[in-house]
Amino acid sequence: MSQELLYWQALNQAMDAEMEADESVFTLGEDVGLYGGSYRVTEGLYAKYGEWRVRDTPISENSFTGLGVGAAIAGSRPVVEIMTINFALLALDSIVNAAAKIPFMSGGQFPMPLVVRVPTGVARQLAAQHAQRFESMFMNVPGLRVAVPATPQDAYWQLRQAVASDEPIVLLEHELLYFSKGEVDTLADPPPMHRAAVRRAGRDLTIVSYSRMAMLALEAANTLAKEGIEAEVIDLRSLSPIDFDTCAASVDRTHRLLIVEEDGKFGGVGGEIAASLGERCFFSLDAPVRRVAGLDLPIAYNGAIEAASIPRVPDIVEAARALHKSAQQ
Amino acid sequence: MQRETLHRLLRDMMLSRVFEERAAEEYTKGNIVGFLHLYPGEEAVGVGVITAATPSDYIVSTYREHGHALARGVPARQVMAELFGRATGMSGGMGGSMHMFDRERRFMGGYAIVGETCPIAIGVAYSVMLKNLPEAVICFMGDGAVNQGTFHESLNMAGLWRLPILFVCENNHYAIGTEIHRHSAVPEVHKRVAAYNIPAEKIDGMDVLKVHAAAKAALDHIRRGGGRQFIECETYRYRGHSMADAGAYRPAVEVKAYQAIDPLSITIRNLELKYPTASELAKVGTDNIGKLTAHMLSEGHVEHEEIEALKQEVQKAVDDAVAFALDSAQPTMDDAWRHLTCNRHREILI
Amino acid sequence: MQRETLHRLLRDMMLSRVFEERAAEEYTKGNIVGFLHLYPGEEAVGVGVITAATPSDYIVSTYREHGHALARGVPARQVMAELFGRATGMSGGMGGSMHMFDRERRFMGGYAIVGETCPIAIGVAYSVMLKNLPEAVICFMGDGAVNQGTFHESLNMAGLWRLPILFVCENNHYAIGTEIHRHSAVPEVHKRVAAYNIPAEKIDGMDVLKVHAAAKAALDHIRRGGGRQFIECETYRYRGHSMADAGAYRPAVEVKAYQAIDPLSITIRNLELKYPTASELAKVGTDNIGKLTAHMLSEGHVEHEEIEALKQEVQKAVDDAVAFALDSAQPTMDDAWRHLTCNRHREILI
Amino acid sequence: MSQELLYWQALNQAMDAEMEADESVFTLGEDVGLYGGSYRVTEGLYAKYGEWRVRDTPISENSFTGLGVGAAIAGSRPVVEIMTINFALLALDSIVNAAAKIPFMSGGQFPMPLVVRVPTGVARQLAAQHAQRFESMFMNVPGLRVAVPATPQDAYWQLRQAVASDEPIVLLEHELLYFSKGEVDTLADPPPMHRAAVRRAGRDLTIVSYSRMAMLALEAANTLAKEGIEAEVIDLRSLSPIDFDTCAASVDRTHRLLIVEEDGKFGGVGGEIAASLGERCFFSLDAPVRRVAGLDLPIAYNGAIEAASIPRVPDIVEAARALHKSAQQ
């Protein structure tokens, strides 16, 4: 059954479906209840499931996330919403020191069916403390998984898969995607949660990206096609684990790799991708792996500076063009 | 209280109100973008407290700080220009609504992470102690911020080391859509402060005179070496949490009830009151209200025309601020990089 | 109180003491490595509280939890084997001294980040509420943990939602080398809890009977739906903070004074006491001590020989535990990977 | 004036020198005062400078680090000690959202002379919650600097430079280095704080490493030399910024790059190094860049598993040998 939905509606339906199917699923966070969630993801659930299963919390990020950890080891299935990634820094102890470690350090005794949903990314002029990305912070944490749905369909699938999983998962939802639209088939079988999607086939170069930037990369690919450059666009869908097989297969065919990420370049997600694929595809690469990334600058409030601080479609086009040219020399 | 002070309180409150309503308009026009948290309804708190500070005191504020900056004497032009993201703004257009700084006026910033003002403010206070100066630090926070771990941790250190700091809780009963009874096990904030050995009291935050007096007493005490104080100011915001919020979670009767005790109207009404004569007063005795009335009487009260003049002055200042902001240049990428590396001086890194 | 319970209290305290002293020895021999935080002096707290729990209650503990695990009924073998890092240990050798878990006994772990027990324990309690079961959660913390933000945040939620949880503060007056007066503005922990609408009381943590009685009352109350409770148990650790710490920051007279009220000796002395006859007692009246004495009398007391037998039993258990640990296999790399992915079931990730 | 000092003694002397020279310098943290610091770095300072300048704090990581931020903008020069990196997760809000952002978001108005000293790394059987590394978490934060002294001399120099700097700096001190010994010249002019050091010259391959692993890489190089393989060993000394020039110059000569890091490989520091140098030295590399890194596994209490979870000298030797061989084909 396919319908056109906004990204937030897809998440909302996924939450509803999981809560309806399993009484042990509950959600909590600031203003997820009566208010319906800052990005409307939990809209309608408070009235339907009551305050115990849709819990408004005080502004206590570390402890309500830790509450999720405790509930998870006691047999419940919590979905914690942290209002934005910027506040998730306050909850890293619960996510990294507790959730990611307990199954291992207990000698495999406990499940950790915890989902942490986090709006993230650079939205519109929210300034330095409200426009961070931090994806890479969650990658260097064994025991934790990180998913980055870019489409309403993936949002629906991956949230349901996350709730169903017994491992702790951080779901990063880009704030500018909540009102993007797409077909959602709620009955179709989803692909594995962490498999990358080839969003567009192409022979000339591979663009690896994720979340909102994957959508920009697709736009860029369309522009490039008009110039005769056929870019293959891979949307990673997951940052931990990363589906390097899909990426490597593509690079081995195209011989060029461009990585597009919104986070700051230095120490960002792209470093790991470039390093891993650079090693794996060393002999098939015709040119250095390139990264188009956010500037290593905090996000300014000023709109023009903000816009120039993260990749835009022309930046991707230009980098792809240069990569394509250099590879032909 | 000096007639001058009374006028200043009134003027600052009016300025804050008019400024904020204009900011809302400019937001609708698209001149201001992002999160915009407005202050109408709460002016008596910021104005009452900040007018009690001396220039050598420090202020640490939240994302709802335009009124605070104005009361601190930052020209409306610079505040508005920051909202417009211009190079002439308080923070050069880098910070916007939630991050206004003015080092010269010891306005140590607006912070957008709930609860973050507490650790930063105790740090400023710690520095004052190290320098052994008669200065006080004012730390603002909302009722929602009280549940953040940093509130607890920081107040404990402030109490333990008797730091020169005045904590001001702007209790407007809501953390975005969550009412205080639904976020705090003990909704009387000042009672929670007993856990930290910090003298605390609750003040009517709709009454600027009471706020001002309490803050003044506390700050004087602190500057004399008495250490940490806490005031909870009960107040109300008339608008939604930010421009993105319609505030639909609040019953209309509640909003209306608080609008009936608008701190601006109350101040004006108080100042306009025809007071009894001194001899009449003496007969009444020195009860609380009498004391205040007597005091105000001795200072004189304002005429209706003066209020009109103030209104016009304030309106002009805000119009001028908008014109200034619109006229101001945008910051450049070079400015941004320069701000990032502002502390590098001539240091060779590598 | 049942004679049986009295014996159990004594036995568990003895076991904990002997176990810990042996652990210290094994540490010196190199059989145990890393951080080792021992419990001597504090046994009355853990034993008093945990023996008051039913099997359906949950326990969340800190890095100083060997005595807690033993009191919960985890065989000494598994506790010792974990200290030795063996595959037969409580956590398969992955966790060590600070991370002991026993899912079956609802021993939900030892946590080494100070303050972390609070959020985890309220989460377990929240889950109990969701399941609507008459179960209670016990959350241990030290006096130093009280200043961590999570304490504040978690207690607020526990108070706000009346979660089925008993917080137990093991107040041994020190956070490593920092005495409570130097880390807490209000050193009476139970008073700080007033900020969260949680009934709190202070208990003599050197007296196992008092601790047990208070915990039992609290847990019964919680299981009957009464919600959140807090007890502060004043106690003392005889050793340094961990095996890496000589405890030189504490005056020798202080350590000696507390050793004179060793909870083990006191319990033994109490149990051995020649009690007055019932009629003699009746004449004395029902003062506090009298009440307890009468109660103990009616249940009977232990003979000196029984204590000797207990000592031997406990010694044997610990010797056996060490032998078992030494005999046990080391976990393999495969085990480690298996533990990391224990929740993957047959899930296909990519 | 050169003396042989332990690493902790070098730090202690640096602290003392800075505190003596400048009244606005003070230090705070858990047990830094009366107790003298968990790793003795602040030993003797409490008696000498008093409790206001050597402040024992409650266990309140986020707030006492934030206290440092506030003191820094008010004109003091705080040196915050967080007892270990594992607890620094609790203080990331103060470090990342406040310290790293204030100078920028105030439009360049405020100095941020904050030093955060943090013992880190895998020591001896401290288990999953006490053996983390997290270096890469601090790299993706523009406005923040990260130094990783590996020798007593660097510890002395870099702590002094950090205190003197007006930018916020995280100083990561490996727990197993505190009792390592080395010559310390307190009068010599230090190199720039973030410049890498070529610890050993070599023509056959470049090993880039930092902190304790740099010392292990040196050991490995000595073993390799006996087999005729001459490895150049670069100790980065700093992780933000990274001195890529020094590294690239080496790789351009040796044509082979091995990165040795103690943190987990996935999303770790090595990714950024491999990506940056892989791009820059693409045409001079004869073989794929290799990373020898910690396993992507939490650290187990068990000693043998712990030891196998991070690189040991033979692991480095073996990887270098393989790289050397592959490059010759």
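Each chain gets a letter, A, B, C and D, in the order it is written, and its residues are counted from 1.
Here, contacts are C-beta pairs under 8 Å (C-beta built on N, C-alpha and C of every residue); 3 or more make two chains touch, one makes a residue touch a chain.
Keep in mind it's a predicted model, so treat the numbers as computed, not measured.
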Between the pairs B-D and C-D, the one where more C-beta pairs touch: B-D
Chain located farthest away, centre of chain A as origin (C-alpha): C
Euclidean distance of C-alpha centroids - chain A vs chain C, Å: 42
Chain centre separation (chain B, chain C; CA means) in Å: 47
Overlap residues in chain D, where contacts from two or more other chains coincide: 57-58, 60, 62-63, 86, 90, 93, 97, 104-105, 127-129, 142-143, 297-298, 300-301
Contacts with two or more other chains, residues of chain C listed in rising order: 91, 93-95, 99, 111, 113, 147-150, 153, 156-157, 160, 182-184, 336, 340
Touch list for chain A against partner chain C, complex: 23-24, 26, 52-53, 57-58, 60, 62-76, 78, 93-94, 97-98, 102-113, 142-143, 145, 165-167, 192-195, 238, 241, 243, 245
Residues of chain A that touch chain D when the two form their complex: 62, 86, 89-90, 92-93, 96-97, 100-101, 104-105, 127-129, 132, 134, 136-137, 139-143, 240, 263-264, 266-276, 278-280, 282-283, 285, 287-291, 295-298, 300-301
Chain A partner contacts - residues on chain C that touch it in the complex: 58, 60, 89-95, 99, 101-103, 108-109, 111, 113, 116, 118-131, 149-150, 153-154, 156-157, 160, 336, 338-340, 342-345, 347-350
Complex interface listing, chain D residues touching chain C: 30-31, 34-35, 38, 56-63, 86-87, 90, 124-130, 297-298, 300-305, 308-309
Contact set on chain C toward chain B in their complex: 147-153, 155-160, 182-186, 191-192, 194-198
